[in-house]
Amino acid sequence: MKRIAVFTSGGDAPGMNAHIRAVERTAHKHGLEVIGIVGGYSGMMSGHMEVLDRIRTANILDRGGTVLKTSRCPEFLEPEGRTQAMEQLRSHGVDGVIACGGDGTFHGAHLLFEEHGIPIVGTPGTIDNDLWGTDFTIGYDTAINTAAEAIDKIRDTADSHGRLFFVEVMGRHAGFIAMDVGVACGAEYIAVPESMTDIEELYKRIIAQGRDQRTIVIVGEGDELGGAYKLSQLIEERYGLTSKVSILGHMQRGGSPTVRDRVLAARLGAASVQALLDGKTDVMVGEVAGRVELVPLADTWSHRKSVPSYLIELATMLV
Amino acid sequence: MKRIAVFTSGGDAPGMNAHIRAVERTAHKHGLEVIGIVGGYSGMMSGHMEVLDRIRTANILDRGGTVLKTSRCPEFLEPEGRTQAMEQLRSHGVDGVIACGGDGTFHGAHLLFEEHGIPIVGTPGTIDNDLWGTDFTIGYDTAINTAAEAIDKIRDTADSHGRLFFVEVMGRHAGFIAMDVGVACGAEYIAVPESMTDIEELYKRIIAQGRDQRTIVIVGEGDELGGAYKLSQLIEERYGLTSKVSILGHMQRGGSPTVRDRVLAARLGAASVQALLDGKTDVMVGEVAGRVELVPLADTWSHRKSVPSYLIELATMLV
Amino acid sequence: MKRIAVFTSGGDAPGMNAHIRAVERTAHKHGLEVIGIVGGYSGMMSGHMEVLDRIRTANILDRGGTVLKTSRCPEFLEPEGRTQAMEQLRSHGVDGVIACGGDGTFHGAHLLFEEHGIPIVGTPGTIDNDLWGTDFTIGYDTAINTAAEAIDKIRDTADSHGRLFFVEVMGRHAGFIAMDVGVACGAEYIAVPESMTDIEELYKRIIAQGRDQRTIVIVGEGDELGGAYKLSQLIEERYGLTSKVSILGHMQRGGSPTVRDRVLAARLGAASVQALLDGKTDVMVGEVAGRVELVPLADTWSHRKSVPSYLIELATMLV
Amino acid sequence: MKRIAVFTSGGDAPGMNAHIRAVERTAHKHGLEVIGIVGGYSGMMSGHMEVLDRIRTANILDRGGTVLKTSRCPEFLEPEGRTQAMEQLRSHGVDGVIACGGDGTFHGAHLLFEEHGIPIVGTPGTIDNDLWGTDFTIGYDTAINTAAEAIDKIRDTADSHGRLFFVEVMGRHAGFIAMDVGVACGAEYIAVPESMTDIEELYKRIIAQGRDQRTIVIVGEGDELGGAYKLSQLIEERYGLTSKVSILGHMQRGGSPTVRDRVLAARLGAASVQALLDGKTDVMVGEVAGRVELVPLADTWSHRKSVPSYLIELATMLV
């Protein structure tokens, strides 16, 4: 192996830049050349690539987003798209690939390997933490802290007015962000996509707080009933309680990464280069119980990672 | 004058606690007793009051929200409500009142003075900065920094994806927040309530950025066309451009106040006590060009404060 | 068991308030009464205690420091001191104690149990992360993020001037903070208490950066050679290189806790109450590889917890 | 005028990047070419310059430090140095210069104009706020907020332990930072360089807080008695009070600029280009009472700007 490529794909996540830097540094320490593919699978198909060196990766590790850009690329879902991408990789002399992203990214990587045999290693880069095979994904820790800081601010105003707030956080079909942030912010109720919200139980929790008391309900965006606006509406229609709604939105994807995200991004960056050198392919490098682990890419989306049960217990216990 | 009361009313704003502390400290330095009215005009009507001392106001100046709570109180709009409030003030031995809030708060204060003659001084506490008679209101500086930090984060993801974003900020009918934040964050376009947005011009600005380039449009919540969602929709319908929308929402009201807000809150707190001691009433204490100024309460809402023209010029010049 | 007490002791750490709240909530869910001992072992000896309820623990979980105060108490090192403390606990009807702090706190707790038989469970509350039996201590995650944010700022100025900086972080005799922060901030060299710094090697790393390039050396406060000032001086004396020094200091102990610290504090709070109910004593509840574990108090200080080897490897690999 | 140059010099300050961007954008809107001089007067002498365009100044306005680097350059103090610099400016076709920095920078600019006649306009870029002719300097608002956030954290631990802290802030020979931050953080005493600290009065203030109460003394770095360490020592020697010391240090120079600093930087950037176009030279553009003003460069250092008297009064009133 002489030259590897790295790219970021799907939703961007804080820590991706620290990850790119770690791949560049580790690869060069091992005598490899490193290329950055710009714009995810789109850039792979169009051959938009740039040489990565110390100067390019200087002063990026504390920045949100990804200097290699990212995209969603439907063309890559077609075999022709992948063939075109493989030709570009070949013409750029790429011997191995590191793909940082979520399950969509890994699907593509898996197919690229299956069809064209190029060694490819995935790294978990998504704020949603919904990948099996790693305790935490790169970007998750930053996202939960960003959300918690926003909710701490909302609590100021909720407290001052004695108001009921529904606050919607990201997380796609998984309740990780909602549960961690809900426990961290002392939410009175946490609605997650994994289970149907019982409106009557929600109502009981709200009124248990007492009239004119601040009450904060955290809602994961994939909530079955339809999110924060919908819950707010249902509570008003059925029980006549008015409330305010806040959708935290895309700010949760940005910001300077936390220490934990930077260190995880660095560790998995170094480990992914090592995995390629060790002849591994079609795997994701993750961190499980403090150790780096390799799992088949297909396992990351076919196995379902659940929200830790202790969080669910704490959410009930500490109300 | 032996005993004064202070309260916060309307939307809460960061710095209100620093203001309450300053009133308490200044009043005691002048030998006055101080009472805090809890929950704005509601608390004034129901006699919900508490004695303020050093211990009560310790460790609050860096906290968002207001320890005296706040509310919107329609009953106070009726003469009977104000009479009831005045009886409570009398029965608590209150000789003068400091009212921290926005124009709704000042309307009430003005009527209370007119009808019952109790000395009352207003202080500008609102994140919207829409009060004539002061360059800045307490809470405004914190709100613009909170909004800018969120937009900096959104730019991370907008940049990584080359996306168009419509970001809605608070400010009611005034474009102060939108303009200051838009200039500070290098927004490509700023839509303010003061003028009708020209959709064609907006479109031209967006495409001038180039295809697949990050573009951020800041929208003041009082925007004539209906806010960020509406603008996003119009741009898609007319020109086929897709975009993301983020409504920053209530987090802009909370958070630990900035230095400028704490110092302004302290200065106007001390000045409002002094104004009562000097026999002033029916006035607001504000800061104009660095000096404390008194203006009649009625002027604060009848005169319109405009967004500084230099901000509008900068917004055009620096795109 | 009908009534338990909780206290914080030694250096304060962010998350202690979230911990106190979790103990209060969990205990009440289990029908226990809860008392807070004010000021650590001093308060235990003098009987300075207060009842903890929902109202007392409302709105504290996002605050740094500890509402129960803390202290260092040499009198408790004497048997007489502990006897006096035990009498106070008895007279307040305390059946079990939760002690949140570091190794000094646990020494005291261990002796109190040995001599007087009162059930006592420790929880790891210290920013230094130097307790065996838990992967992370409460407060550590906040401290490393606070330090990293400060170093990110220092890098701005170091970069602009092309300067060499020695930045000293906390951690007592352990290099956890230095290593995590050093890797997270891309430090050019990390000096930890666990090993003697080789000045010549340090010099080589510095000049490898190139003349007039920003270089940041992170120094753990327990560094054998004497800390950041001493290293700066040695590098100047031997090699004629001038540098700037920054001691981050006590700000690393404060601030609103991160999500991870709040959740850890909550989890160990709930677990410590459960441990008392289960008849456990003379143990610390910690979190190891994602699970709550109980370890004898004496093990927490007699076993030495080492900085993870992967951090040391990353620090070398990513320079 | 066809081509102008801009540079940053002396201590770096947050907002310098926003300033560089504003100069670039404004100049191009007026049809001027813009060159960035790298490394202040050093780069001017060595001809280290680069063309500035939209791409170079994209995504810098929220970053601390200065992308044009800075330095202290003793050679420029000699007439030969300035002659050499002028030759470089001529050979690069520079018709006008914008110099962003503090009094040292302006001294150099003034001499360059006097000796060589090149139009030169200064802009106030320093965290110290010690320049006459502008109410605030670029970087000051960020520095006071950075300091206040650190002190809020120190208060957590000071409060928890009931400790006396001496916290030293930057500001060179001026007490602006100390006074603004001291008032904002509710300091019990503020020692500024402008007046000799009375140790007995300081002691009285400390003990007035009560035994075992948190007490925070803010010390400006230019304090006559020698700074925070010296004051701490004097209070211990004379009165036997022990205390902790924290020197906030260089982190105060960095960080993402506040909205106020970004807007000020933008406004003065646009105004400085306009000043050159209007044929002005040997002047600084500042902001006084909300308006842009031009003052002779020599006035900026020969007139002394004082800390506003209202801050001094508040510091006494609100203790």
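Here are a few things to note about the model shown:
Order of writing sets the chain letters: A, B, C and D. Residues in each chain are counted from 1.
Everything below uses one rule, namely that a residue touches a chain if its C-beta (ideal position, glycine included) is under 8 Å from a C-beta of that chain, and two chains touch if they have at least 3 such contacts.
No experiment lies behind these values; they were computed from the predicted model shown.
The greatest centre-to-centre gap from subunit B, using C-alpha centroids, is found for C. Centre to centre, using the average C-alpha position, subunit B and subunit C are separated by 39 Å.
With centres set at the average Cα position, the gap from subunit C to subunit D is 35 Å.
Centroids built from CA atoms put subunit D at 29 Å from subunit B. Residue numbers of subunit B whose C-beta contacts span two or more other chains: 152, 155, 159.
All chain pairs in contact, by the document's touch criterion: A-B, A-C, B-D, C-D. Those residues of subunit A whose C-beta lies close enough to touch subunit B in the complex are 8, 11-12, 14, 16, 63-66, 69-71, 146, 150-162, 165, 244-255.
On the subunit C side of its complex with subunit A, the touching residues are 18, 21-22, 25-26, 29, 59, 61-62, 135, 141, 144-145, 148-149, 152, 155, 159, 180-181, 183-186, 256, 258-260, 262-263, 266-267, 270, 289-290, 292, 308, 310-311, 313-314, 317-319.
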